[in-house]
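Let me begin by handing over the structure; questions about it come next.
Labels A, B and C are assigned to the chains in the order they are written; within every chain, residues are numbered from 1.
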Amino acid sequence: MFKILLINGLIIGGIYALIALGYSLIYRASGLMTFAQGDMITLGAYLGLTFFRIMHLPFFISFLLTFICAFLVGVLLERGVIRALLDKNVIPIYIVLATIAVSYIIQNSMQAVFGTTTLRFPQVFGVSTLTIFGITAQTEAYACLLISLALMLMLHLFMTKTIFGIAMHGAAMDPMAAESCGINSSLTTGITWGLAAAIASIAGMLLGPMYGVYSTLGSVIGRKGFAGAVIGGYGHIYGAMIGGIILGLIETFVAGYWTGTYKNLIAYAVLILFLFIKPTGIFNEQAIHDV
Amino acid sequence: MLETNKVTIRFGGLIAVNEVSIRVQPNKITALIGPNGAGKTTLFNCISGVYKPTSGEVLLDGRHLEGRRGFQINEAGITRTYQVINLFWKMSVLENVLVGMNSRLKSNFWDSLFSTKKKREEEQRIHKKAYELLQFVGLEEYADAPAASLSYGKQRLLEIVRGLASEPQIILLDEPAAGMNTTEKAELDILLKKIIDMGVTILIVEHDMKLIMNVSNYIYVLSNGKLLAEGLPNEIQQNPDVIAAYLGGDD
Amino acid sequence: MESIKKQNKLPTIVGLAILLCVMPFLVKIVVGNQYPLLIMCIILIYIMAVTGLDILFGYSGQISLGHAAFFTVGAYTTGLLNIYFGLPLYLTIPAGAILSALLGALLAYPASKLKFHFLSLATVAFGEITYYFLYTSPGGFTRDYKGINVVGISFLGEDYLRWYFFLLAFVVLILIGKISLINSRVGRAFLAIRENTHAADGMGINVRKHKIIAFTVSAFLTGLAGALYVHLIKYISPETSMQKQSVLFLTMLLFGGTASILGTILGVASIEVLMECIRPLQEYQMLLYGILLLVVIVALPGGLNGGIKNLVSNRRRKKAMKELEIAAQAEAEARKDGDE
């Protein structure tokens, strides 16, 4: 029982980590909160489905294309909507509402294009289940865990080893200082939003094979993912990864040992508890942009 | 009156204020001067309740104020202005002053909600008083304008008069002359004396030496968080340590 | 800010009052059925709810993205008290408002420490927890996803015309209370907290206490609105506490303009009417709503009320400029004559 819960907790934890990463990346870069991440997940699932099932492209190619498309959507969101509002100097609540509006638009568009029935992801791997360390689970589930860990590792390498990643990280910490070093911080902000969307879309592509694809696939899990970001310290990149995994573990274990009826409530209970008791999270992240 | 006893304020490894003891004389103007970063505003923040001192005491007429919250200190009779102007920008000039009176008003929530006789009479009274306070500094024609629309010098005046609205024992003025031109500074000089005539005590932080020497009754000099010297204006002017600390002087 | 000088606004108020009283009759005659009247009743209820949100956000600056929870709690409280204990509605409706207020006070205490974005998350979490609690209640006492069917108010019956005036009385009383509160020490304290929390503290305002008061009053009003709503519609389900209802309230508030009486009324009325227009296009409702929201945010950041104020001040400024021009011309003329 424990081992099953552990694996499941890690799997969903990996997803939460990717979602929380998106939130913390954006907060670090722009000091803003976005409610559109959940729908980027849904978008990713639908895009992946389109490329893989409808266009019959190989899985890896579909993966890559989804990543790129979602990336572009993220950049478009930042440049088109967020930047426009920031330039107008609107009060912060409007930007939050704008991301909610975008989320409604994406959600409904997906519904309009693909309909309301849950679509099935065709089997990706040859075998449908795998048994590792005596625990049997869907192959897709194990792949999900592997890919989310790989993605986090790649992001870490990107931000610490590549020049561009370092530049992005620096621009996020202090745009003015970065600019004086010749870094175009508005460019890196756009790319950060794009990256966040792309990461979320991968989460969607990983969820799709496990849960099927429907228009609200991402929204609940995206909202719950806030807890992962807060646990680690909102805005702390590595905190988001760890926070997400912790969230997944807490949710799975509490649901497994105590009660499954309130499963969805757990994440929000954790969120509100952390906000009231330790809002700076595990890594003690001070709010960068005070209102 | 107001005194601090060996107040130390430490931020992690940094000691911003180091065992500073000052005594503010009633109904006089006491000045706190020193080079930038000496810890003057930090000390102010401590007195007005923004920071809790790491050690030491802040006493008002013998009552311990250290560690109390900002609004409690206002209720005790100490009010202040800020280095960076902290007005209620979208509220009108008159409303800013009305807010300043908040801690002296007697209407409670239910009076406010049901517009009881008590509340209506109080509102009439305080509107009149607020207007008179604006007249005191010559801002009455701007009463209904948003605070943000005033010129910089007038904004500073508004902050001062907002502070006076709560009928304090002491007002702490944090660089009130910053950004003022010569005419405005001359008017400020007169205003400070008028405030003393009202019966209010002043503790002032300033960089403008001419103004300080003109108005102060007693001066404390802070440098690197420590009290460097204290005394009458002409003593301070001739004190070699003070001159050395300023090296080239401010203003 | 809105310090309404009643003297020179009297004709407007009288005119508005007449309009409000005559309108429902006209509507009933012109349209023939009661449906538009029902919408007008819902508009009145939402005005109450959004006034609550305005006290919280428009005045004390605390954002809530979960306000629908208070609305729904008020509704469920009155409904369940009536169903399970047979208590009369004149007790259960206030009970709904009071329970909602208590919940608000409870939430406000820890929430008052939080900064903007984190407060928004806390309210989202609160809203979601309320939803899931109602959806899978212990022992099913809320009837879970099925929702509950509730009686109407007997002396009002099915007559939406009567409901309209009944609700109008509530709205008028609440708005009078709001005006009174605004022009008082407490109201100014709220605004000060919104404008500059640090300075408010320095001016002797107990920020935490006032934030809790604002939250409590806000929850009370929104809860009351919910309690009246459930007896009008005679049904409530957990869906009403979902985030999209909270977003709707916020949209209405921002569209009309915060911290203003007229703004709340205009905002609620226009958004509700717009939503009714979109309703037939079932599938695209969210899409259109999202687009509408974006358009509003980009085009009218001050809300309708802000737009109106701008219009009025622009006209005043043009008039003043014109007068200055005329005066300058006259002076020039006089000087010319003097020279000759």
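The definition used in the following text is that a contact is a pair of C-beta atoms (placed from the backbone, for glycine too) under 8 Å apart; a residue touches a chain by one contact, two chains touch by 3 or more.
Quick caveat: nothing in here was measured; it's all calculated off a predicted structure.
Novice: If you take the mean of the Cα atoms for each chain, which one ends up farthest from chain A?
Specialist: Checked the centroid distances; the maximum from chain A is B.
Novice: Could you say which chain's mean Cα position falls nearest to the mean Cα position of the entire protein shown?
Specialist: Of all chains shown, the one whose C-alpha centre lies nearest the global C-alpha mean is C.
Novice: Cα centroid separation between chain A and chain B, in whole Å?
Specialist: Here chain A and chain B have centroids separated by 49 Å.
Novice: List the centre-to-centre spacing of chain A and chain C in whole Å, with centres computed as mean CA coordinates.
Specialist: Comparing mean C-alpha positions, chain C is 34 Å from chain A.
Novice: Roughly how far is chain B from chain C, centre to centre by C-alpha average, rounded to an integer in Å?
Specialist: Each chain reduced to its C-alpha mean, chain B and chain C end up 39 Å apart.
Novice: Under the stated contact criterion, what part of chain B meets chain C in this complex?
Specialist: 48-50, 69-71, 74-75, 79-80, 82, 86-92, 95, 98-100, 102-105, 107, 109, 111-115, 119, 122-123, 162, 166
Novice: Can you list the chain C residues touching chain B in their complex?
Specialist: My answer: residues 1, 3, 177, 180-181, 183-189, 191-192, 195-196, 198-207, 213.
Novice: Can you list the chain A residues touching chain C in their complex?
Specialist: Answer in residue numbers: 27, 32-33, 81, 84-85, 88, 90-94, 96-98, 100-105, 107-109, 111-112, 223, 226-227, 230, 234, 261-262, 264-265, 268-269, 271-272, 275-276, 279, 287, 290-291.
Novice: Which positions of chain C touch chain A when the two form their complex?
Specialist: Residues 57, 63, 65, 110-111, 113-118, 120-122, 124-126, 128-129, 132-133, 136, 243, 247, 250-251, 254, 283-287, 289-291, 293-294, 297-298, 301.
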